[in-house]
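Naming follows writing order (A, B, C, D, E and F), and every chain is counted from residue 1.
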Amino acid sequence: MTNLIKDFNDYRTRMNEVILSKNNLVMKRLWNLDTNTYEDGALNKKTKEMLGLVASMVLRCDDCIRYHLDKCFKQKTTTEEMYEIFAVANIVGGTIVIPHTRRAAEYWEELNK
Amino acid sequence: MTNLIKDFNDYRTRMNEVILSKNNLVMKRLWNLDTNTYEDGALNKKTKEMLGLVASMVLRCDDCIRYHLDKCFKQKTTTEEMYEIFAVANIVGGTIVIPHTRRAAEYWEELNK
Amino acid sequence: MTNLIKDFNDYRTRMNEVILSKNNLVMKRLWNLDTNTYEDGALNKKTKEMLGLVASMVLRCDDCIRYHLDKCFKQKTTTEEMYEIFAVANIVGGTIVIPHTRRAAEYWEELNK
Amino acid sequence: MTNLIKDFNDYRTRMNEVILSKNNLVMKRLWNLDTNTYEDGALNKKTKEMLGLVASMVLRCDDCIRYHLDKCFKQKTTTEEMYEIFAVANIVGGTIVIPHTRRAAEYWEELNK
Amino acid sequence: MTNLIKDFNDYRTRMNEVILSKNNLVMKRLWNLDTNTYEDGALNKKTKEMLGLVASMVLRCDDCIRYHLDKCFKQKTTTEEMYEIFAVANIVGGTIVIPHTRRAAEYWEELNK
Amino acid sequence: MTNLIKDFNDYRTRMNEVILSKNNLVMKRLWNLDTNTYEDGALNKKTKEMLGLVASMVLRCDDCIRYHLDKCFKQKTTTEEMYEIFAVANIVGGTIVIPHTRRAAEYWEELNK
C-alpha cells in the first residue's frame, strides 16, 4: 500500500476514533446510516458507490472522493468506467472540478498499482 | 402531459432557442458535449443519467433535477431505484437537499402518471 | 395564518407524505435523526435552531430557512436577535445571501403578525 | 418597463425597506460597502459589474444575476459581450449553470426591449 | 502552543499583513465589519461564534473553521457543546462535512491540550 | 521560478498527462473548450481571465485561482487591479473567501517577484 493511501486511511481511522469517543449520538447514528446507504438494494453496491463518488466530485471534497474511489475499486470499477464518471462530474460541475479530478486520477493510479 | 412537465419543457425550449440564436460558439459546443456525456459507453445511458441526477441533487438545481428525472424515467428507472438515488443525495448533501427532494418527488409522480 | 406560511406548510406536509409512503429506510431514518438533532442537550433547542437557521442561510436554501424561522419563532427569538443571525449569515456568506435574507425577512414579518 | 423587471425591482425595494428599518448596523454597513465595491477604481464600473455578474452566475443566485444584468445594461454591455460572460460562467461552473443562464437570457431580452 | 495552531496563526498573520499593505479600502472595511459582527449584542459573543462556526462548517472552509474554533474555545465552549454544533453541521450539510469535522476535531483537541 | 509556482505547474502537467492518456473524449473536448473560452472575442483575453479568476475565487478553488492568477499576470494585470478583483470576490462570496484570498495574495507575490 503506497503512502498516499496509507496516510489517508490512518488519519481517517485516528480522527474517527476521537470523534466517536465523544459519544455524540447524532454523529454516531449518522455514520451508521451512511454505511447503510451504500448497501445492495434496488441498486447494487457498485452503482451506489459510483453515485457517492460523482456527488463527492461535484461538491469538490477530496477526502470524500478518495473514500469512494477506494470503494469503487473494491467493486471492480474499470478505469474506463471511472473516467466516464469523471466526465459526468466535470460536465455537470464545470472546470472547477478539474483540480479535484487531477487528485482523483492520482489516487486511482495508486489504487491500481 | 401535466402542466408541471409541459411548462418546464416549454420554457426550456423557448429559452434554449434564444440562447442558441446568439451564436456563442462556446455555449453551443458545451451543449453538444453535454449531450455526448450521457451516451452509452463503458457505462450505459441509464447509469449515466442516474449519475447526472445525483450530481444535480447535491448541487441543488431544481431544473437540472427535473431534466435528469425525465431522462431516468425514459431509461425505465423504477421508483424504488429512484428513492435510493434520493437517499444517496440526502446522505451526501444533508438535510439541505430535502426541499429539492420534495420537488423531485412531485415531478417523479407526474412523470409516472 | 397568512397564505405564505400556510402554502409552505401544506406543500411540505403533502410531499413529505409522498416521500414517506415509498418506505425508503434511509430517508425515514435521516428524517428522524434530523428531528433529534435539534432537541435540548448541552445546547438548548433555541440555540440549535439558530444554528440550523444560519447554516440554511449560508447554504441559501429558502425552504430550509423558512422551516428554521418558524422553529426560532416558536422558541421566542426576538427580531433583534434574528437580525444578528442574518448579519452573521451575510458576513460569512457574502452579498449572495441578500436575496435569501429578503425572503427570510418577509417570512419573519408574516410569523410576527 | 415589463412586469418581470418591475416585479423584481418592487419586491427588492419593499423588502430592503423592511430590512433597513430594523437598524442592524452590520447589515447597513455591508450594503454601503457593497455599493462602494463597484465604483470606478483601477478597474472601471463596467468591468466590475461584469465581475459581479459572473460571480453571481457561478454561485447560481438568480436575483443577484438580475441585479448585475441591470447594472451591466446601464454600463452599455453589448449582447455579444454578455454571452461571452455567460460562456465563462458555464465553463467554470458547469451545466448546472444552464438553467440560471436561461433565466438570465430571458431577463436580458427584457432589458433590451 | 502546538505546531498546528502556531502554523495556522503565523501564516494568517503574515498574509493579512500582505493584504492590508495594499490599501484596498473595501477589503479593509470588510475586515473591520467582520470583527464587529461577532461583538456582544442581542446575542452574546459565544452564541455568535457558534453561529460563525456552524456556517463555516457547512460551507466547508477549514481555515474559517479553525478561526471560529479558537474563538469558541476562548468563549469557554465545552466539548459536549462543540460536538452538538458538529452534529448540526453534519445533519444540515451531510456526510460531505465529515472530513472537515475530522480536521475540526483534531484542532479542537489541540486547543484543549 | 519559486517552488510554489514550480510545484503547482509540475503537478498540474503530470496529472494532466495521466488524465489525457486515458482517452476519454468528453474530458478532452471539455479541456479544449476551456482554452477557447478565454480567447480574445467581444471581450479581450485580460477581461476574460479576470472573470475566470473571480469565478474561481467565489467557488473557492485554490488551484483554479492559481491558474487564473498566472494568466492575469501574463495579461499585465496590476496589483491594484488584482486587489479590486479580490474585493469583488470577498463582497459577493463573503468572509469565507478570505482564506483563499490569503493564498491568492501569496501566489500573486510570488508571480511578481
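Basically, a contact is a pair of C-beta atoms (placed from the backbone, for glycine too) under 8 Å apart; a residue touches a chain by one contact, two chains touch by 3 or more.
Because the structure is a prediction, the values reported are computed rather than measured.
Engineer: Of all chains present, which has the mean Cα position farthest from that of chain F?
Structural biologist: The chain farthest from chain F, judged by C-alpha centres, is C.
Engineer: Once you count every C-beta pair in contact for both, which comes out on top, D-E or A-E?
Structural biologist: So, comparing the two chain pairs, more contacts are at A-E.
Engineer: Could you please state the distance in Å, as a whole number, between where the Cα atoms of chain C are centred and where those of chain E are centred?
Structural biologist: Chain C and chain E have C-alpha centres separated by 23 Å.
Engineer: Express in whole angstrom the distance between the two chain centres, defined as the mean CA positions of chain B and chain E.
Structural biologist: Inter-chain centre distance comes to 36 Å.
Engineer: Where the centres are mean C-alpha positions, what is the separation of chain C from chain D, in Å?
Structural biologist: Whole-Å distance between the two chain centres: 26.
Engineer: At least two partner chains per residue is the criterion; list those residues in chain A.
Structural biologist: As it turns out, chain A has residues touching two or more other chains at 26, 30, 33-34, 37, 55-56, 58-59, 64, 80, 84, 87, 90-93, 95-96.
Engineer: What kind of graph do the touching chains make: line, ring, star, complete, other?
Structural biologist: Graph shape here is complete: every pair of chains touches.
Engineer: Hey, which residues of chain C end up touching chain A in the complex?
Structural biologist: Interface residues on the chain C side: 25-26, 29-30, 33, 36-37.
Engineer: Using the touch definition from the top, list the residues of chain F that touch chain A in their complex.
Structural biologist: 11-12, 15-16, 18-19, 22, 24, 26-27, 30-31, 34, 55-56, 59, 61-64
Engineer: Quick check on the complex: what are the chain F residues that touch chain D?
Structural biologist: Against chain D, the touching part of chain F is residues 33-34, 37-38, 41-43, 47-48, 50-52, 54-59, 64, 78, 80-81, 83-85, 87-89, 91-93.
Engineer: Chain F touches which residues of chain C in the complex?
Structural biologist: It comes out as residues 58, 90-97.
Engineer: With touch defined as at the start, can you tell me which chain C residues reach chain D in the complex?
Structural biologist: 60, 79-80, 83-84, 86-87, 90-91, 95-96, 98-99, 101-103, 105-106, 109
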